[in-house]
């Protein structure tokens, strides 16, 4: 192994994933502040009640919010609230629920996922409309829920109009729409109109239930299932416990969201991560030997690199492969990535490319 | 409503539940300390590795530990590692898995629970032996796992010998044993021999897999599935994700356990809670109109009260009913209950009894 | 082993079970007659259409009938049509779904059964009313369906009024009612008013969905799920396939029901079986050493015998134990049991008792 | 609607599906013959014991056979015997388990199907080998079972060597192999070496468990799960009941197989169906306006027709669409299709093509 040049300092924050980052100081402070005295468990506490109020305010609608532990759990719970008997879930072949959750939806819900190909990880209204062919065929699961991811697993973003069209087609067919928003903050930040963007791509578009991510956006850990369609509320509390996602000391999940939803912190952190990805992209896009399919819409860039530099570069500063066949990797920024981190990393990339 | 006397100050910490308490300062500090820079997600971090080592050291055996979010999740995962095809779980009719988890084992695992009556919430070797009648009967689930709770849902405690006998009978029949230790620390503290007690009632007794509780013992939240039987290790990591219990930023769960397992904090907090329950019991047991079935073995007392004082007393300082038909309630202590809390509460009890 | 006396001829039909009997000649003839040329599969055939019409006529109501293969399958499908998310099923601890189906409801439906003790295997309105305590408690499955068995696993029978009261309480609480009628024909025959009894104990009583048995009543094999509550119809065809109960060549199941439902054959066969049980009971009840809790209501008698004669008698003519601790066995009659079978069997009983 | 020419007599047996055909006379006779007196239920009868012996003889190996009701049930049971915890099933996107069973595997088994594209509905050893990438990744179900269909849903056939290579790769990776043989008789007939072909493509190739079809091959109804790998036997009887596939009066399923497996009837009927498909293909392949991708390997032909004749032709003699976008339909022959049926049908095709 060739030693790394002494003057090549790796960044403090690597580019492995946004869930490699820790918690934002304000979020940690909120947890500390919530750790005072006794509060009833399972959500019967003022922090959780405040959290529910903040989500209703954020969405500008009487949504019902259920806090959960992690993204897989939030997705499983959200789908559980929306699925009817013998119904399946339409999603893309890239979707996290289909490929990165170890079959949790199948196991916990007994549900079939109908995954369709999508080069950019985005469903189209046509994909939804095409499901109508299965209605009434007793040998097929009945398409019941459309699940879109925003931002997607490929770092692409739906416009609110695109989501609205999917919802319109879905609702016209009697289907409901779930939005997996593990990185919804990054998508909202990318759209640029702040809370209005959030409302436009959820309530405004007609989404029925949202998995609203916190963990990847500077939390210790915590996600929210935001139910926009009041028909889905009734059984949700029981389902949450049944799918093992009821936090006992819920105040500590609530406190994190309460901090994030105060003064727009949730958007600020996501926007920062997005900007760092753009800065990273701009810093390397013209380097010889590096290629991109597209500029980053959110907080990940997907460069193709000369194959022989991937492992040495990773050895120096860790990141994950994306598509090794194309020598494509993923560099992901987080709420705490700094321009200095980017500069140092770019220096390393230049070094190994040279 | 009669106003409460001005000199009757309710305790700072009520007696609702140990999960109404917050996090112990040392545990919170450990979380704060772990919040430094980037660490890979899903357990590939030094905190989690240390946690695994600490558990192996604690159990004095090469156990494999998987961190999870909550007790229901830990139980579901533990059972998932131990159950074979078409097998069921023997437990008491009081068991948390049978009555307080909204059917999570049935839903997530598709498993049948075989719940048998037990006045003291403890299974006997005879209960296990009696399951042999179902072996080979194709119309019955095949008894595969015995689940005991330590300390039990009624606040009783198994001796290590009792657990050992259950394991012996179970293993002799080809069954495995799960120990739901949501309050195992309280049971160990009650037994009085520290780590030796823990080892005796788990590894020594022959338990195959343990749900080791943290949440109720001064954590923000976090439980561990400790696999003692190496045959159960192989699929456990996949099962954890599949049942939605894989923490993303696992270091923050690990850090809590690392603090708890350092210098015996986990036992100290549990022992304190137990002592406070005993102090409360001793302070009220001779009061006229109050009755007990037994002194507390761990951190809950179950008094029978004059029915008409229950609601006023609760109005003043909250606690839960236990068996309203007997006018029996539950008062539970926690790691942070103080003698002053007990004294104030006892003053209230005396006031309402008068 | 003492040889059996040469003049002690065992009966042609033993008393093991009604599912040890074959098919009634008229039912077999119907299958033979249906085996003519091609008919579309999965129920799109005239036999199945006729079957659906015959059931609507029988129930005197626009019921929707789905044919299935076996009793476990019919029960699982019936429950699937009636259960909402996070709901459980109230039943007795004797119920077939709870103790004789290898956990099929739990595995296939992920549902929790709430089984309550019942000395006579009959639920009471009070049992149903008591479930209200669980409503709204998020740690409990929500009681959603009441399942009664008619006639019960102990050979007892509900009156239509008793079922009506259960339905009234259940519906008042927002619950639905399933009737496991694997032996409903025997119960109707016992009640004595023919089709009116059937209607009274199902449609009239308010039952939502019925498992209507054929197999034990002279079929090759086949059961029907009769949906009385139109709200349960919509997803039933998809659920039937999903739970593996969609017969491909459905005409052959339909033909059996069509024969059974013609000229009251289904009642005639069941009534005959009931009468043979009564005749057997009357023939042995006064023999010394034999005891009964009650006369048979349907087609099974449950004698307690001198323990030492059970095995020799069984060796001579097979039957099953019921409660060996009480030296209680079960003798069951079928559509084809003859008085001569009974007389021969009684001769054997007398011989071994002597 | 133009009236059909008076001299155009439609065939007695249409070409909709092999499951539109009834039962072969010998199979029906066997059922009739089995309907004599009482036999214990659930397989403890001489017909079932004989059936198990006949399968062992047929496979030339000590296989364990479990009779079931239908194809979906057989597949679900077969997969249940082979799957380990957190494992998934590799299959093609055409596979019956993935697209024609209303998500039964997902619902009943909680399993994820990993379906890969295959133009000819056949998996390759490379498809299996590629699954190795998922081993050890805790976010993915662990590929545990490979399911191949023989003959496939597209009417193609694996050679024994092809299946053997798949088994070799699968076993080398620790995976097991399931063969969905709903139409295995047609595949064996196509291969041409009789029982030797069957053994070569199952036991010889290394298949672990087979769904052995009867229904489509001249039965009233009935399938068999043939377990070749003795490790899969232990829990199979309990799993059969649990997935609702335990026939009560099993003798009537067994009797059908016993007739089919006597004097090679099962192969004779399948071979006849195959030949009729070939005769149909040969009779129409050169007609102007009709096109084929390939000659039939088994008992289905998939012609592309002038779009405007499809509906009139179907109106005259029913068949199903296959790929309406290509104006492709499916004509399927059965054990009872006669040359006269084919000739009449071809006359109709000629008429409508003219």
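Chains: A, B, C and D, in written order; residue numbering restarts at 1 for each.
To be clear about the criterion, a contact is a pair of C-beta atoms (placed from the backbone, for glycine too) under 8 Å apart; a residue touches a chain by one contact, two chains touch by 3 or more.
Nothing here was measured: the structure is a model prediction, and the numbers come from that model.
Novice: Consider the two chain pairs A-B and A-D; indicate the one with the greater count of contacting C-beta pairs.
Specialist: A-B is joined by more C-beta pairs in contact.
Novice: Centre to centre, by mean C-alpha position, how many angstrom separate chain B and chain D?
Specialist: Distance between chain centres: 51 Å.
Novice: Approximately how many whole Å separate the CA-defined centres of chain A and chain B?
Specialist: 33
Novice: Please tell me the distance, in whole Å, between the geometric centres of chain A and chain D computed from their C-alpha atoms.
Specialist: That gives a centre separation of 42 Å.
Novice: Could you list the positions in chain B whose residues touch two or more of the other chains?
Specialist: 86, 101-103, 107-108, 110, 138-141, 238, 241-242, 246
Novice: May I ask you to sort the chain touch graph into line, ring, star, complete or other?
Specialist: Chain contacts: complete, every pair touches.
Novice: In their shared complex, at which residues does chain D touch chain A?
Specialist: 86, 88, 99-103, 106-108, 110-112, 138-141
Novice: Going by the contact rule at the top, pick out the chain A residues touching chain B in the complex.
Specialist: Going through chain A, the ones touching chain B are 12-14, 16-17, 19-23, 28, 31-32, 34-41, 69-73, 76, 101-104, 107-108, 215-216, 219-221, 238, 241-249, 251-252, 318, 334, 336.
Novice: Residues of chain C touching chain A in their complex?
Specialist: Those in contact with chain A are residues 42, 80-81, 83-86, 110, 138-142, 235, 237-242, 246.
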